[in-house]
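Below, subunit A partners subunit B and then partners subunit C, in two separate complexes.
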Partner chain A sequence: MSLKRSVRREFLKRGAALAGGLGLGAAKPAVGQTPAPGAFIKGTDERVAYGERSQYVTSTRIPHGGRPSPDAFGLDFHIAAPLQDSVGVITPSSLHYVGTTRGSFTPNIDPAEHRLMIHGMVERPLIFTVDELKRLPSVTRMHFIECAGNRANRRHTTVQETHGMTSCAEWTGVLLSTLLNEAGVQEGGNWIVAEGVEEVKGASSIPMSKAMDDCLVCYGMNGEAVRPQQGFPLRLLAPGFEGILSVKWLRRIKVVDQFYMTYSDYGHLRQDADDAALSLQIGPKSVITYPSGGQQLAGRGFYEIKGLAWSGGGAVARVEVSTDGGRNWTDAQIRGTAHRMAHTRFTLNWEWDGSESELMSRCTDELGSVQPMRAQITEYWTQRGQPGRVRGQDNSIQPWRVESDGSVHNAIT
Partner chain B sequence: MSLKRSVRREFLKRGAALAGGLGLGAAKPAVGQTPAPGAFIKGTDERVAYGERSQYVTSTRIPHGGRPSPDAFGLDFHIAAPLQDSVGVITPSSLHYVGTTRGSFTPNIDPAEHRLMIHGMVERPLIFTVDELKRLPSVTRMHFIECAGNRANRRHTTVQETHGMTSCAEWTGVLLSTLLNEAGVQEGGNWIVAEGVEEVKGASSIPMSKAMDDCLVCYGMNGEAVRPQQGFPLRLLAPGFEGILSVKWLRRIKVVDQFYMTYSDYGHLRQDADDAALSLQIGPKSVITYPSGGQQLAGRGFYEIKGLAWSGGGAVARVEVSTDGGRNWTDAQIRGTAHRMAHTRFTLNWEWDGSESELMSRCTDELGSVQPMRAQITEYWTQRGQPGRVRGQDNSIQPWRVESDGSVHNAIT
Partner chain C sequence: MRLLKLLPLLILLVGSAQAQSPTFGIGRTPSADEIRAWDISIGPTGEELPPGQGSAVEGAQVYLQKACVGCHGVAGVGGPAPRLVKNERRANADPWSLGRILPIRSPYATTVWDFINRGMPLNAEGTLTANEVYALTAYLFFLNDLVEEDEVLDAQNLPNVEMPNRDNWAPLPDWWKPGLPRLVDYPY
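Up next is the complex of A and B:
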């Protein structure tokens, strides 16, 4: 393949940068020696049962935007994923972002006692136990969830702060359409209200067209049960729509005739069509995770630029990368399968010459929608008499500035 | 889609079995009530940083085959994944099977001190730090790893005992070919010996054709760093080949001229071509995970049969399921994308009439190779004068017997 050849040529060209530093004599060879007996993790019954990560891996979630957003109990209820350390497209369940409508007290639900009720404008109201749901036809799909509040500003320093309120997992469950068809939606049942087990019930209103299209009632996530912070034992998933619609600790779906304003719908009662069109569905979006703000390049030479792209409109079709602040763009490589409404890993080989550079990525989805520059969004709202207003999803292009000393900074102005 | 319609018809047909039991009045409705304040998991800084699973989810790994195989330190070094609880295709990293050549003392490696050396019959011997590897072009791929010892026998009671020594993860790393091309393989360098950090060095010999095809040097697994039990910070992955060749705690790759017998190659010095052909690459394989041995059906009615299929020969092309001990076969549905050398989830809608049934699944891979019946394998070896001998991979079809009381049992005779 041509990649392999070009990579080899690039490495060989690099001279002192990387290849030179990798010469046999240049590094401390820890290889070839048997480690001392103390250098082992002792096996325990617990570690056999359910393994842990290395003590040297300290990547953690942080409060959204780097600033605590305490609830009435003084606890954070918006927690961002460490995208700067991400590899591949899966977010580990332990590091998946968390947003709750209010309160970070996670419901501690015994699944044997939990029920899901389907009622309202249906022919046959139904109640399912979790075990009964697991008997029904299932699907497994990769999907991202993103909080509508996942917006970058110039005060943010890292990609965890600018973009950490999105994550991606392998979700397993039953299509909501399977349950609604079984219940039998009555004529005029045009919306659903989905309610979870939260102090404020965490309800959301979703159009029936979306509910019957691709919404899932999930019991599985990344190969095991949905985690408590993600809605154990049941989470509604509304793929590609803003995260608040993916109701956690799901206990009730009521078929109704119209949009109902619930606690979690505070952002969804639209005054105008522009707002509505920009609100529910996440636009085409991407961000470079390496190199990103707060990281430090070791010196000039070869680097693989890595990032994540996603869209609520379907699969990512194309990602372009610029290393000169948007003057020139190069097609990045999509790594692995670009699943619909899922994080997609992109990469670009880059030879850094040591000069100041501005890195950007731009996503185009399968509908042909293209991620906008921040200036375009500003112009859009300025033309509508609301300069500087952030509304709907902010899916604008994120710039990172690489200084000549190798430090990387948020370049939003 | 026709599935939805047929599913609905099936549910409605079920009468007392499932649909009846789901009627609104029949269940204890825990829905609609706000839980007591004590029913919450209190948020802690630690849980914010790195989340945990529910206290009600107790699925764990067990010693392989259900019987401890203690090493010199009295610890188990073959640990099986709980496939009976699996959803989707990813195995959570905490539940990924573990096999080590000897000793369950997991190396506790500081990645900053770790090196990977490429040497032997190469033009330019190289040493890489982990950070240097992360600068190189990466790939992300779903791949299973399976231990050659993943064999079922009639004493096993659950799918964890019969098949738990296989797992699947999203792996991220550098193609080994990228590193070997950079080092420059000399004429006659036909094999590699890959060595890890273990008491016995955990070395394995791999043909150069495989090394240059699709082997990976992985630093990422399921979206985070490779776990210590899986080889942190670096694991060699030889997709589709038996697990012992996917060397953990990788520190050295030596290009050599021929097969070298190392500690981990004890099973690979072949006396004959039959053995060799059946040894390195995992054949087409599948197993039903639900219903499976030790599980209990709640009564007659609708069930979705769920299982996993995989092959070392490439992607799973087809899975058939029999509910009558192999007399009749029906095509199962493949759920999600059938990746090459990866677990693939299959399902089949099943209306259980309450009579004794024998469930089987049969995998065909993209090469057209078909998973054999146990009787075929027995006949193969009997014809070669070795009746009853288990050699190479055992990829035979696993039968589960559902008794009329709903209990499920291993049906190997």
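Up next is the complex of A and C:
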């Protein structure tokens, strides 16, 4: 018998012994790591062509606002992303939040038939096919989109309800400035009106300074084509601005001389000048996603607190975390790169001693703007003779209360 | 040597010439007809409004014919779709207190015309004629006490309908630029 064969014999014997031991339950935990006989995922043609997640992963979006479907009648129906299950900073396209207006359907657009027109106060009106846009110099950037209505209240129970109408994706497309320069903006062309092709032809006015700065005409999202719910085949992205300005199913950009007061603009209109100044660009904001409302801690011991921070004012510069209701703050770690106008993951090591705790996070952006407590916002406006509610978008600090039994609850009062 | 001295100037000239002309030469020029067909934006001045006209009396008919009543209710109240008539709880109230109701809160009459034209009626959006849109707009303004029932609205007078919020809204501040804090002295 050769040495090789004897080694193999030895291995087979020992392997058999090990298997026997498992059969007797001597190493029970390991059994759970071995799929039961026959428990495998068949490599069907469909799965070979386009993969899917495990059946054991059940994280899903939820309708926000209580309506069962966006096709049902609704003024503004939104679908919230499951931030409580998020890891990293990319929201998977299938879980990205969706904002719709007037019970909007999702148009089913053949990209070969789709066109983008640029006209109005330009030297050369232009029409582009999607393929033509793909020939132009491209950029790929991480950006969040957030609905202006992403406001937390005390009745919400989970982070999906308090903050689920924001998501972050890697967007690929052409800078809008590239297209506007190609068309040649005329003197006095201070605004654009961007319009979609869906049934209500949703349109938004955007200042030219923003349009020329960093707006994107996107055909790509998270490494593939933009999803229909996100505007396939073309979506305008206005980084850091209220989500409604990131016009989906983009078909037309008109350069104009003034704010055009479209129906969508009217819906976001403000009466007060300070309110208006706060309304367009999302303020510095963050939320702890783990532990967050509705989750359950297993017991005292080590936990990594995880959360997301973002700002319409640029990159996240700093995130602090408090575990005692805001009395003491500790700098959190920024995980990965803090991209401009993008979700940024932060973490903090935490040894939970089993006592009731209140978790909070606070974001500071590159402009030096600091995320406020709800009470600070009220105080600021009260001092200026305008007491009451949170103005602009709600970027206030979200408190989560961890009870001594490990359950986690919304602590907004 | 002489040429070398002129070089910066030459670069400048060429550079500015490039800014005036397309760089990539991709995309085609739409015809005037194509632009007209696609351009449904109606700005506050109403310069894009098409020819046509309509009164509230006619609009009340269109409101029934086009089944607006099925979603918005009789005379703009009581349907599953948004209410179209102001909620008048007390006289001389701030127009903002009348509710988020398009034909009364909108600062410009053109926004009302534009949205009926682009977004109504449900499942047949964009099929109304210009006359029908003028008539419906007049009807909604009549229901909100902004025009008389026989007043005829057209491209010339529609932009001049006196909306109560005409100057009662806050535009983006003049100083606004991308990358600035949102509000001066606001620490958040």
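In this text, the second predicted complex is superposed on the first by the 349 of 413 C-alpha atoms of A that agree within 3 Å, B and C clash if a C-alpha of one lies under 4 Å from a C-alpha of the other, contacts with A are read in each partner's own complex, and residues count from 1 in each chain.
To be clear about the criterion, contacts are C-beta pairs under 8 Å (C-beta built on N, C-alpha and C of every residue); 3 or more make two chains touch, one makes a residue touch a chain.
Predicted model, so just to flag it, every value in this text is computed and none were measured.
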{"item": "Which of subunit B and subunit C A:Arg135 touches, first, second, both or neither", "value": "both"}
{"item": "Subunit B versus subunit C as contact partner of A:Asp85, first or second or both or neither", "value": "first"}
{"item": "First (subunit B), second (subunit C), both or neither touched by A:Gln371", "value": "second"}
{"item": "First (subunit B), second (subunit C), both or neither touched by A:Ser93", "value": "first"}
{"item": "Partner chain(s) touched by A:Asn395 [first = subunit B, second = subunit C, both, neither]", "value": "second"}
{"item": "Touched partner set for A:His409, first subunit B, second subunit C, both or neither", "value": "neither"}
{"item": "Residue contacts on subunit A - larger count, subunit B or subunit C", "value": "B"}
{"item": "Partner chain(s) touched by A:Arg252 [first = subunit B, second = subunit C, both, neither]", "value": "both"}
{"item": "Which of subunit B and subunit C A:Ala203 touches, first, second, both or neither", "value": "second"}
{"item": "First (subunit B), second (subunit C), both or neither touched by A:Val193", "value": "second"}
{"item": "Overlap of the subunit B and subunit C footprints on subunit A, listed as residue numbers", "value": "73, 75, 117, 119, 124-128, 132, 135-136, 178, 181-182, 199, 201, 251-252"}
{"item": "Residue numbers on subunit B that touch subunit A, as the complex places them", "value": "3-4, 7-8, 11-12, 18-19, 21-24, 26-32, 34-35, 39-43, 47-57, 59-61, 63, 73, 75-76, 79, 85-96, 98, 104-117, 119, 124-129, 131-132, 134-142, 170-172, 175, 177-178, 181-182, 197, 199, 201, 219-220, 222-225, 227-229, 232-233, 251-252, 290, 298, 301-304, 306, 335-337, 339, 345, 347, 349"}
{"item": "Subunit C - residues contacting subunit A, complex", "value": "19-24, 26-30, 34-35, 38-41, 43-44, 71, 80-82, 96, 100, 102, 105-108, 110-111, 114-115, 118-119, 123, 125-126, 168-173, 176-183, 186-188"}
{"item": "Touching residues (chain side subunit A, partner subunit C) in the complex", "value": "73, 75, 102, 117, 119, 123-128, 132, 135-136, 178, 181-184, 193, 195, 199-201, 203, 207, 209-210, 213-214, 251-252, 254, 256, 258-263, 265-267, 269-278, 280-281, 283-284, 312-314, 367-372, 376-377, 380, 392, 395"}
